[in-house]
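Heads up, the next two complexes both have subunit A, just with different partners, subunit B and then subunit C.
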Partner chain A sequence: MTTRRLPVYILADVSGSMQGTPIESVKSGIRQLHRDLLGDPQAIESAYLSIITFGNNATQMVPLTEVAMFNPPELTASGTTNFGDGLRMLLESFDRELVRTTADQKGDWRPLVFVLSDGAPTDTEWPTYAQQLRERRPANIIAVACGDQADVNVLKQVTENVILMQEMTPDAFKAFFAFVSASVKQTSQKVGAVADGSAITLPPPPPGITIVP
Partner chain B sequence: MGTVNVRLTDGRTLLLNDEPVGSGAEKRVFLTRDRQYAVGFFFGTLKDRRERVDRLTRIIATYNPTLGAHGDYWTPYFSWPVAMVDGVNAVPMEFARRQSLVWPPLGVVTPTYRDSFYFRDRFGSRQEKEVKWFTGGKASQFVPREEQGSLLGRLRVATRLARAIRRMHFAGLAHSDLSNKNVLVDPKGGDAMVIDIDSLVVPGIAPPSVLGTPGYIAPEVLAGKTVPSIATDRHALAVLIYQLLLQRHPLQGKRVNSQRSAEEDETLSMGARALFVEHPTDRSNPPVQPIRVRYDQLGPHLTPLFEKSFVHGLHAPAKRADAGEWELALYHTLNMLAPTQSGRQWVVTGPGLSTTCAFSGERVAGPLPYARVWRETDKGLVDEKLTFSLFHHLVLHTWHLRPGVSPNEAADRSPQGYIAQHNGKWWLVNTSHTPLQVIDGPAIGHNASVELVSGLTLRTSDTSPARVLRIDFLR
Partner chain C sequence: MSGSASEQPEPSATAASAGAVEPVMPPATPAPADEPLPRPATWTVKPPDAPWCPEGRLDAILARLEPAVAARFRDRVAHARVEHAEGHGRHATSEAWTVTAAMRRGRRHAHTGAWSDDAFFASLSSHRGVLVVADGAGSATWSRLGSAIAVDVAGESLRNATDVSAEAMHEAVERAVLALRNVATALEVAPRELRTTLLAVAWEPDGTRHRLVTTQVGDGSLVLAHADGTINRPAAGDGGEWSGEVHCFVPDDETMTRARAATVVHDVPDLAALLLVTDGIDDPCYPFPRFAGPILGQLLHGTTAPLTGLGVQVNAPSVITAADPAAALHAWLGFEKRGENDDRTLAVALHTTASHVIPPWAPSTSA
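On to the complex of A and B.
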């Protein structure tokens, strides 16, 4: 490893309601994101990607992998929306994968997390993990509420950065993943100029996506 | 994709494609339909509009090196803004709204980049040759081998970069965000160009609010003591030259300066506690990868400048090497290059130096002639402390034959002679109309030649001060 890593986690809802166009759009969005980052020398150097999905339960589909070695996963949608297990898996992945700064080792940048959900959680555990994320602040988290069934208030319990994608069209997903790509590129370039790691500035979201105040 | 008409402040109009080709932190970039120009429109919000307009106006007119003396010479060195878009009638409101442009629209027009500043990556995509692709690390592995260039190509890149910055600094301008994203390089062709010139620090206009790009921000700026200036540009220039030639960052070492957060550690490691990874006495920040080629293996001219920039001047801006010093040292180093046996690599060599390429292990095909350079003055011979490696088909110019001449904007670029190896012997052929005087020997006139042998001494003109070359061989 030559430079610090910028870990990027995508936590995607793959419950039954995501079947069809939405899940296909997420898959092609991840492929586009990967392809796009391969064109950015700074992202090639420092960005690492992981994909975690949640349906009946959570799975880390791709462990944290450097952009050059990343393979976009095959995703299928079914089951309930076990949001809590997704958050648990995210926290567990942090503990397992992130390199901490110690006296003789340069650790990772603060991770960038994108959470995608199109519905309300069906489990009861999620508030515990949401609270942990809110209190420990281990990462910069951007949550996107997809369509009108997504529960914005739930996402607001995880992070103050919630954006709303009104329509779940392929174009809207494409625009969202372009936003993810721009955010990763901008963060991998600007990181280090931020004095205390508390705030990051993201590019303005694309048309069709609004920031929920 | 449709098109949109754009009215420039100078009255001209351009026809633009209405979909952007790229987007930066503050500008969206559109190409003209004939692909001759790019227009970068500010989008989102813009706090310091009045200053931007003032700055742009002066950059385009008052401080434009491509319009002044030797303007044509400087044009390829910069992507200098040529015009501006400003005001409510400049573009259709519907276009501005759809692209989230600031209103009234404000944009900068620059010529598009030369084709040699693009390469095809392994997926067939066209990529701009940002410095970042050519400084080692993972990104370098995505660049085709033929685009990587030799040490010759990279020294030429660095020379052109230093020359461009010297020109800006000479006019009192600071780039203020010199970085691996704002310089395009072509190591294969030995070319470089400074881009993103609209955030220049112009005399009389407040400096821009950006600090620069991480990795290139001078320690004193990161420590909050000062704002970008010519002195901080010198730090960024030294980092870029070090990276281009040695494929690593001069300050990114192993030492951890804060365990509180990666961000705080980075701010200290590049700022208040920055330490050169090759510091000759303080070894507490060793490089992450073992060093293959040390900075002092780049020869006697560059070594002191790296020390000025990263040992003595890292935290003392006034001690840093300036762009003119880099330009001259790089040019003197280029004169020491000799080709390896394969003809693909080049070695900085001379009397007392290795004839093996530190990067590739290839050797110079010897014995190879070189010239030690003296200046003849009224008070006798003065050692200029320069050597020229002389190789087959080296073309001689006035900067080889006259003291104090550099291959810069003012130089006469016509060939004056050449070196040739023929039937196992080395020859210098004079194609100029000024005779070369062999000391204790004949004069070498127009189209005459002299065999290069050890000890041969040539006075290159009869004016004073004259340059005197003494020939010897590297074995």
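On to the complex of A and C.
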């Protein structure tokens, strides 16, 4: 019997438009999330973090790693917005990393995914993967549209849980990662009762971030 | 402990001003990468801070329960600090049977000062035994009331039923559903806020045989152990591809459909033991039928080595022959396994033949 994990994936846009304050804010947000989770024994025992980025291509910067062993990655922003490759990498990571319940083994908890993007996809493949994620529901996905250039309608095709960060200020990113941390803690607290996959409840989003209906 | 964690730099409190403290860092980087990480937090134990039953709602709840149920509920509210915080146990014996049940609050709830969501009912007379366990859904606000009322109503219904039958079991579950819906009305919340699992068994001697009825709504496990060592799990638990996802709880609309499908009447020639557990035990001991024999072996004969899958277990003599079996079972429920920090409830019934037919568990016996 191995430990059942709460897998947490962060899928971050690192295209050229994220250069400067946005990418620095994402980096410090991930560090803040990590420090926060180190303060919660349930998260230390069950939450596992992975960071996937997409620019010209997608890269899994950190494979699914327990909180105590996690090292926040160095991120640089450049290139186009190959959103499709990011989604493809996410699905591939699910297949490679996650344990589903079988007759002999209890599976992981349903993964929690946070998608950050500030732009519109530059590739043409993304709708295929978005449809797979939306229809197969392999995860609870929360997508955040960063700034006024982000295409909310694209994110809506991945998940119904889309939130909007109007201004890409350091404070807005900080508030968003605090929301991520609260969501992970809440999900790992209530893991005994997440019914029917789609029905998770999340903490209220912080000020400056609104839920897109 | 929490005290040692707070000696470390406060990540969230200082993060905003860290840019000013270390001028080399741009303001967009509130938590410098080379700042030492806080020491990982460890478990603490806090008594529950909220009242067990919402204050100001007790009279409304009592008014909507049958008088006998209401009287027991009033008692339960008075003893909640004893029975629903750290946990408690019960033990009873008859000529042919021993029943022992205990609930232990999980580390997650202890750390955050929350109540246990589990509950159990145990009753034993010379002619009938009844065991019921329940686990309130973590996502439901008043699930601790749901599990407590469900075990009481279903347990008493089975205890007082004219016979041990499928009809008696259906009636017991139906009464629990009605009671929970009435309490939801009293609390002015949706019935889903009282969601709980429910596993129940009632049994009677029938000559040298036993007649039983069992049912299950939601996750957890209920198994029968026979004199030849075989374990029979009459109903599969409700679960899916991922951990912890239950499709139907009491008092959801589909409760009776699920309960009818899961109700089984058994006529058993060689019944040795019955074992009921909530998911706090069922999850670390998956698949449960494989663990049931070794667990019964430990409870009957003592723990001499940790059981594979249960993490850190303390050696202890037999739970059943202890001076206080309920307290000994509560202690047995304290095994420590990474990530498995839910409330734990176990109810066991042992026939007088059990200690002869169920062997001690030793590491060479594969789990």
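Brief remarks follow.
Please note the rule applied: the second predicted complex is superposed on the first by the 206 of 213 C-alpha atoms of A that agree within 3 Å, B and C clash if a C-alpha of one lies under 4 Å from a C-alpha of the other, contacts with A are read in each partner's own complex, and residues count from 1 in each chain.
The definition used in the following text is that a contact is a pair of C-beta atoms (placed from the backbone, for glycine too) under 8 Å apart; a residue touches a chain by one contact, two chains touch by 3 or more.
Predicted model only: the values in this text are computed from it and were never measured.
When the two complexes are overlaid on subunit A, subunit B and subunit C occupy overlapping space and clash. When the shared chain is aligned, subunit C comes close enough to touch A:Lys174, but subunit B does not. Using the contact criterion defined above for the overlaid structures, shared-chain residue A:Val152 touches neither subunit B nor subunit C, since it reaches no partner. Of the two partner chains, subunit B and subunit C are each touched by A:Ala103.
In the superposition on chain A, A:Ala120 contacts neither subunit B nor subunit C. Residue contacts after overlaying the shared chain place A:Ala182 against subunit B, while subunit C stays out of touching range. By the touch criterion defined above, A:Arg31 reaches subunit C but does not reach subunit B. Considering which of subunit B and subunit C touches more of subunit A, the answer is C.
After superposition on chain A, the stretch of subunit C that runs into subunit B among 166-174, 202-210 or 238-246 is 238-246. Under the contact criterion defined above, the residues of subunit A that touch both subunit B in one complex and subunit C in the other are 1, 3-4, 35, 38-39, 41-42, 44-45, 68, 101, 103-110, 189-197. On subunit C, the positions that touch subunit A within their shared complex are 5, 11-12, 15-16, 26-31, 33, 37-43, 107-108, 111-112, 117, 135, 137-140, 143, 195, 239-247, 249, 279, 283-284, 286-287, 308-309, 338-342. Contact residues on subunit A toward subunit C in their complex (touch as defined above): 1, 3-5, 20-21, 24-25, 27-28, 31-32, 34-36, 38-42, 44-46, 67-68, 72, 100-101, 103-110, 170, 174, 178, 189-197, 201.
Chain contact summary for the complex, subunit A toward subunit B: residues 1-4, 35, 38-39, 41-42, 44-45, 66, 68, 101-110, 182, 186, 189-197, 203-204, 207.
Residues 23, 25, 43-44, 98, 100, 121, 123, 125, 127, 130, 132-133, 136-139, 141-142, 180-181, 211-215, 217, 222, 252, 254, 256, 258-267, 270, 288-289 of subunit B touch subunit A in their complex.
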